[in-house]
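Each chain gets a letter, A, B, C and D, in the order it is written, and its residues are counted from 1.
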Amino acid sequence: MPVAEVVRHMLDAYPREFNVDRPLLVRCIEACADCSEACTQCADDCLSEHSVQELVKCIRLNLDCADMCATTGRVVSRQTEYDANVTRAVLQACITACRSCGDECERHGDHGMEHCRVCAEECRRCEQACQDLLAAIG
Amino acid sequence: MPVAEVVRHMLDAYPREFNVDRPLLVRCIEACADCSEACTQCADDCLSEHSVQELVKCIRLNLDCADMCATTGRVVSRQTEYDANVTRAVLQACITACRSCGDECERHGDHGMEHCRVCAEECRRCEQACQDLLAAIG
Amino acid sequence: MPVAEVVRHMLDAYPREFNVDRPLLVRCIEACADCSEACTQCADDCLSEHSVQELVKCIRLNLDCADMCATTGRVVSRQTEYDANVTRAVLQACITACRSCGDECERHGDHGMEHCRVCAEECRRCEQACQDLLAAIG
Amino acid sequence: MPVAEVVRHMLDAYPREFNVDRPLLVRCIEACADCSEACTQCADDCLSEHSVQELVKCIRLNLDCADMCATTGRVVSRQTEYDANVTRAVLQACITACRSCGDECERHGDHGMEHCRVCAEECRRCEQACQDLLAAIG
């Protein structure tokens, strides 16, 4: 089942009110799950390339971005006793991690590295989803 | 985008051969992402219930299961220099965590706790997906 | 063995140069490990209290802080192809998470909740260690 | 402060009884923190080596082992509503991950790769600490 559906079912069952824009929240959680997965696999794909030496920066940023997306997905999934300062700072860190990783992956994607191309797309999507949620939070 | 699609794109781009059954692998990675998310939200939902005192065991198992599913999703996502012993042991631990958490969530789901009902379903699905991948690995 | 010793041994063995102030780096990695552990245990301790209902906010912030400290510890542990933007944003998010969690734990610590008192101390220490590393990075 | 001290302070403040052998528990939690850190740094060190191509298996097992140790440290840190089946399965998976990673690191450590030598030691120590806790649980 898509993660977004799981998120929607769980949000429907949330026992209190919550103020966050629901579709933006769902999209952000899904984008974090997607990007964390893409980065974990891209790091692994890079390790299998003959040109691994040239992909060291990509692997490093993949690992950072996978960790940061996983943490962000968890933090924004929690509605109880929501703390706007924490959510904002975490989203900002995730945006930065996605941008750095996306930039690096894009460079290799432009030179035919297909997993980097796909991963760059997920980084851009996650960066945008975090930006949108951040803007909605204010 | 569903996590399963991200996984498929990334597996298409994997530079080496891999021996694992592809559809079972995709389903397992997606089920781990779903279950980790469901457990993170179920713990949070339980914290917002008036009856939180009675849900302490559920929260605890949700936290364990969320962590174990996240780790399992990462380990099985890595194809490079695959180590069957590690994969097997990690899948077995994930199966056990999903079963314990699923049993506890089901008890509360049967008493009208909707988020526990949904979470129990994800635990069962993840347990099954890990079992199927484990059987395929042999 | 203390984590700080492991970190020192590993930094001694790092094959390239790195520019970060070594003692500040070691202290930050250790503080992240300590605070992540304290928060994981504090959430668990709160779940075992009769007054769990009043500790819901504390548990929620413990979970966020544990996740954010774990990710920060990993990001700052990586020296290869260091990206100052990512490190800075991650440290800032960690500082914010530690401050919110520390404030909430302190309130309960002042009312006799010993695990919250200890956890608040670790949050303050980690916040400071991240601040110091951030200042050194510039 | 060493993680072991944080753990001891937090266990002193735990509001209920717990049955696990205290020194074995403290040692296991500390060993998981140490090994997770060592593996995170060893993967990063390997990425900085000229011979990164020959260290791909080491990096992959480092990543698995770091994730599994982090999850194990969290699961065994939780005392509330302790579930022996989950703890056992998680410890077993951690033992397997530490053994595979320790074996691979040792091979490179024997050939002068100092960070692999240190990391292998932490893997052995963590494997033993998990074995001891597993034996005590029965």
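In this text, a contact is a pair of C-beta atoms (placed from the backbone, for glycine too) under 8 Å apart; a residue touches a chain by one contact, two chains touch by 3 or more.
Everything quoted here is computed from the prediction, not taken from an experiment.
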Greatest centre-to-centre gap (Cα means) from chain A is with chain D
Taking shared numbers over all numbers used, above half giving same and below half different, the chain A and chain D interface sides are same
Distance in whole angstrom between the CA centres of chain A and chain D is 27
Between chain A and chain C, the Cα-mean centres are separated in Å by 22
Residue numbers in chain B touching two or more further chains are 44, 47-48, 56, 60, 63, 70, 74, 78, 80-81
Among line, ring, star, complete and other, the chain touch graph is complete
Within their complex, chain D touches chain B through residues 56-57, 60-61, 63-64, 67-68, 70-71, 74-75, 78, 80-81, 83, 85-86, 88-90, 92-93, 95-97, 99-100
Seen from chain B, its contact residues with chain C in the complex are 43-44, 47-48, 52-53, 56, 59-60, 63
The residues of chain C that touch chain D in their complex are 1-4, 6-7, 9-16, 29-30, 33-34, 37-38, 40-42, 44-45, 47-50, 66, 70, 73-74, 77-81, 114-115, 117-119, 122, 125
